[in-house]
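Heads up, the next two complexes both have chain A, just with different partners, chain B and then chain C.
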Partner chain A sequence: MTDTLSNLFLGFTVALSPDVLLFAVVGCIIGTLVGMLPGVGPLAGISLLLPVTFGLNPTTAIVLLAGIYYGAMYGGSTTSILMRIPGEAASVMTCIDGYAMTQRGRGGPALAIAAIGSFIAGTVSVVGLMLLAPPLAAVALRFGPPEYFALLTLGLLVLAFLTGGSMPKSLAMAALGLFLGTIGIDLMSGFFRFQYGLIELGDGIGIVPVAVGLFGISEILLTAGQETPPQVQKPKLRDLPPSREELRAAMGPVGRGTVLGFLIGIVPGSAHVISSFVSYALERRLSRHPERFGKGAVEGVAGPESANNAAACGSFVPMLSLGVPSGPIPAVMLAALMVHGIAPGPLLMQQQPELFWGFIASMYVGNLVLLILNLPLVGLFVNLLRIPYAYLYPAILVFCVLGVYSVNNSVIDVWIMTVMGALGYVLRKFDFEVAPIVLGLVLSPMLETALRQSLAMSSGSYAIFIDRPIAVGMLAVAAALFLVSFLPALKRGAGWRRTIGLET
Partner chain B sequence: MTVPIGGRGPAGGLTRDRFAGLVLVALAAFIAWETRVLPLGTFREPGPGYMPLLTAVVLGVMGLVVALRGGGPALRDMSWSEGRHAAMLLAACAFAALALERIGYRLTVIALLVFFLGVLERKHPLAVAVVTLALAFGSFFLFSDLLRVPLPRSPWGF
Partner chain C sequence: MSHFRKFMWAVAAASMLLVPAAAPAQDAYPSRPITMIVPFPPGGVADQSGRPVAAALEKILKQPVVVTNRPGAGGAVGMAAAANAKPDGYTILMALSSISIIPEADKLFGRQPAYQMSQLAPVALVTADPTVLVVSADSPWKTVEDFVEDAKKRPGEISFSSSGVYGTLHMAMEMFAHAADIKLRHVPFSGGGPALTALLGNHVQALASGPGPVIPHIKAGKLRALASWGEKRLDALPDVPTFKELGYKDVEFYIWSGVFVPAGTPEPVMKVLRDAMRQVVEDPEFKSAMEKLQTPVVYMDAPEFQKFWDRDAAMLAAAVQRVGRIEEKKQ
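Here is the complex of A and B:
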């Protein structure tokens, strides 16, 4: 514990240095704007800003990107509550009761509860991250290729299990992502797979053009032809404080949302999206008056908003301690660190203590900055939504092209983004989740290398996965998960996943 | 749209999921066919073709499951009202990929925005000119000059 506190002190000396603090604030502001804009989720926002971080030092780069991530979580709630437009996917559940509160003239308190809940969840989750990441990294030092193979397999299955939509569809998308990840030069044999005359594919398909195409471009394709957003309500500062009853009603959901979100955030998947859905379902199940949900229940705002912020923090645990991204957003952040020659994983804490603890401390600072930004300045941010969408989406599209091109200075990436945009548009029309594609793409090289290294270690014997206790444990959980969820789903339909809204 | 063989949906036509599942099966077959040029290795010693083939098998099986479950509305009832607009936007992205290194960032952005705002959205020419020039030059100044992100220039140095 003393070590943790002294490390945290080191972290705060880094986080409160002027340049890091400046980038934390800038990240929070950009994130808030990104979260508010329909069509630009945190993933697209982080991807677009990635080239800008190349000129920064690794600590400021990761602090900036993390600020955008949880800033977007905060920002997404504003448009959901005031306009019923989810700025990003995790805010969909907030729309239901948040907008109903606005219609009842309680938009200000809804915003305040969302901001306070997000602040509490974010701060408590950083404590969880701080306490959980170091021991997990110590365990991970004992991981070899068989354990990593088991962990990645488990991760992909958990993702398919928890992602919204049908599980066979999610597994199909994960398989598609895994296939895309095999394109390029095979690391173990040097073979160029699926070249088609394009030398640029040697390093494989980049995560940024795929992520921007599947999320950003496809969203624009789906929404650009529609009507402009409705009238914006602009709450005043004096309208913000919630009543005592509203605060009391919000406290339980904030606590439950924090714990639930953090735990969901640790496991792979679209953590922040899933957590808000599960939290909403839980609060409705626990409520003595479930009939109030959908008509402006405070619990329907407090729970999901806390959960999605806690999940954003939780998702950093496997990224920092194992070097394994738990979703597309940590995957892009992982890529950002790798550009600077830093490999996140069990040794990160020992080799880069200033980066690790500075990052954690900056999250405390960022949460405070966001609380200040999101309450008094909400009226200012809402003005952004007055820009007609007909002007907004061309600008977003231009920034998508700019961001994707700048990562490698390659027009091939712009082509990949275009193709992925078309693919994402069609897949979403056919009710497929696109997040598993991105995670499959990232995990594919790791999974394949771990499998082949394991077999090389055991002279081709698959018994290596059974002989090692950690690996067999994780594979057993993966197999159980598959049997429990997939087979009944085939026979009887969605089962419990449908009841909590993960499957339609 | 050409509809391949498949089951009948609730409205008498092919369902959305059945069609999607069959397309995935076809895609898996294509990937499996393309892996034929890669050394497959053995079960005990996988080669570079092993993983792509494995993913193709999983994709095909899942596609088959999706097709057999066959949920969703009838394919012909799906709305594609924004399809024309979406196709135009994709064409614009393709233009950006072709033009970016040929005519430079600023001219590409000007062409894109004039197309989006002037042709697709039919905004007032003055508004189109102001927004286009501000965004093209403003973003270039911000990213290239201030943030040092290298952006392509035209052959004329512009």
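Here is the complex of A and C:
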């Protein structure tokens, strides 16, 4: 413990030295701006700006990248809340209740709560990262394909709690998402599936163009289709800070989201994106008024946003303590370290204490900088809504196209976004919820790969899921959850068709 | 109506931002910025060697060299984009060994190839790193001999991870397994990183990997290197024998990176680029960048590189053929 404290002191002397601090602030600002560009989330932001750091020393480079990362996460929630455009898969759930809050004139509080929730989640997770990294990392490595499959199965069950509308419609949308996720090269055999001669579809359909299309573009189309143009909002200063009730309602979700996100984040792989979905579903399930979700529930913003940030932080656990690239973003960060001649690995903490502890300390600093930066900016951002729709929407469309194109420099991605925009418009006209499509698309490739990798490991024997304690434990929880969700239906006998929405 | 008009004005105004500046007239090459396509995401091996090359080229050619990442389909998207670009020297490609695998795999599945190797002409080889066979430090195998003996006793039971089916790491392992006449169980992952994570977590028992990512784990005592695919031992791992030393004379494999241009690029342009690449590898900043990445620079000029590439491509083609179509095999 005293070791940790003295190390942390070392870290803060690094993080608070003027040049490092400057880079942390610059990173946060750049990140916020990048994150505001629709479609460009933290991963794209970091990847695009990675080359910029090549000329810096390793500590400032990693601090700058971490700043960009956090900044982009904060910035991404801004467009989700104000314009219903998710910067990445993880902010899809924020779009739903965040944007609903904006429409009710509570955009300012939604932004503030997202910022505060992210700050708390970020800070608490860094404490977790600092104190628990080595033991947790050892656990994280025990997550192989079978455990991963079990975890994702749990994620799939979350679908049932995701939306308040009709269950068959939600499941149909989830099935569509799962199907879209099967497009692309089959990882196990190298076979192209459903690519129709377009090699760009080889890596499958990107989540960002789908999310931006389904949420953002469809919203613009729906607004354009209204008989009378919507009133331009004139946010007042006193409406900016969240009310006491809103803050109180947010606290529980922030706490649960933080723990949940951190735990999911530690698992190597891309599973951290499901943390915001799981958190949303959890809050909706726990809420005494689940019907408020989707119509601007504070909990629906606070939970996912916190989970998302905590997961991001959790994913640094295996990266820093073992040097394994535990997800796409840590992989880019590791690459940045390698460019500077630092071999990331289990010895990083001992060999580069200044870098490690400087990085940890800069995460505290970065979170604080972002909170200070973002709370006053809430007023400025909310005022974007004053722009008449005739100017605002075309500008958003242009930025959507730019943002989606710039991620992979791919025109096909822009087309996917366009098609998904049209599809989202039609589906929403018919009262289908689009969030399950995104969750399906996120889950399906991971779930399939994990299942088939597990079977490759066991040479086709399903016993591998029973032999491994973590996997069998999680699958048992999943089975229990599945049964529990049917209990009320069974009890109520004949009325069950109505309760699950088959007859309304 | 006025709404619609306002909308159109705004669209027009916004799209003005997107119109690129008109290109200047053609002069002696290079007279305008050059695009370097990296067919992988930022931070990958190709990107890490591509960017220092681009930076050095910029100084030598006195024109900006812009790195554009065009990831997708294991590199096929970016390589096809380069293969079909105008052969004027303003589009160059930073590619990896996988450039020879993709057309072979396309052939295997009888699909329209994304590009043909003949559509690309090599300019210079930049790096070549032999792969290393690593196992967990807790495993019973101390030498390749132990490993092969055990694998022969229980065919198809020792598993290895790879960066993906037909990926470079898969091909390296396939070459060794073929030469040693053993059967291993293959668990593909998407990328070298997750493959390494699986080995560290003991979910698989072996991995062929580039030296960079595994050396820290070997030094930390988590992994053990049994052999390398190089022609000679690695400087960083002087105690690890090569497969050649151990009597597997055809087992040689490198993860290499090199610069290509679209075939049909005029000879004078080629000459400028080849001369420039010769200077790039001598550039001190470039050298120090590659040293930091622990990636040895192995330079070859176009004719030599072409020979190297032909041999490598033939070897890889044979390996792809041996693996065959996955789903046709009974596990």
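Definition applied: the second predicted complex is superposed on the first by the 270 of 504 C-alpha atoms of A that agree within 3 Å, B and C clash if a C-alpha of one lies under 4 Å from a C-alpha of the other, contacts with A are read in each partner's own complex, and residues count from 1 in each chain.
Quick note on the criterion: contacts are C-beta pairs under 8 Å (C-beta built on N, C-alpha and C of every residue); 3 or more make two chains touch, one makes a residue touch a chain.
Nothing here was measured: the structure is a model prediction, and the numbers come from that model.
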{"item": "Which of chain B and chain C A:F12 touches, first, second, both or neither", "value": "neither"}
{"item": "First, second, both or neither for A:F191, with chain B first and chain C second", "value": "both"}
{"item": "Touched partner set for A:A172, first chain B, second chain C, both or neither", "value": "first"}
{"item": "Touched partner set for A:L141, first chain B, second chain C, both or neither", "value": "second"}
{"item": "First (chain B), second (chain C), both or neither touched by A:F482", "value": "neither"}
{"item": "Which superposed partner A:Y391 touches (first chain B, second chain C, both, neither)", "value": "both"}
{"item": "Residues of chain A that lie at the interface with chain B and also at the interface with chain C", "value": "51, 54, 188-189, 191, 390-391, 393-395, 397-398, 402, 409, 456, 459-460"}
{"item": "Interface residues, chain B side, partner chain A - complex", "value": "16-17, 19-20, 24, 27, 31, 34, 38-39, 42-49, 51-52, 55-56, 58-59, 62-63, 65-66, 69, 71-72, 78, 80-82, 84-86, 89-90, 92-94, 96-98, 100-101, 105, 108-109, 112-113, 116-117, 121, 123, 131, 135, 139, 143, 147-152"}
{"item": "Of chain A, residues touching chain B in the complex", "value": "51-52, 54-55, 166, 168-169, 171-172, 175-176, 178-179, 182, 186, 188-189, 191, 193-194, 217, 220-226, 390-391, 393-395, 397-399, 401-402, 405-406, 409, 411, 414-415, 417-418, 421-422, 425, 429-432, 444, 447-448, 451-452, 455-456, 459-461, 490"}
{"item": "In the complex with chain C, residue positions of chain A that touch it", "value": "47-48, 50-51, 54, 141-145, 184-185, 187-192, 197, 199-203, 229, 268-269, 318, 322-326, 331-332, 334-336, 338-341, 343-348, 388, 390-391, 393-395, 397-398, 402, 408-410, 449, 453, 456-457, 459-460"}
{"item": "Chain C residues within the chain A interface of the complex", "value": "3, 6-7, 10-11, 14-15, 17-18, 41-44, 47-48, 51, 67-74, 76-77, 80, 105, 109, 111-112, 114, 156-157, 159, 164-166, 185-191, 193-194, 196-198, 200-204, 212, 215-217, 219-220, 222, 289, 291-294, 325-327, 331"}
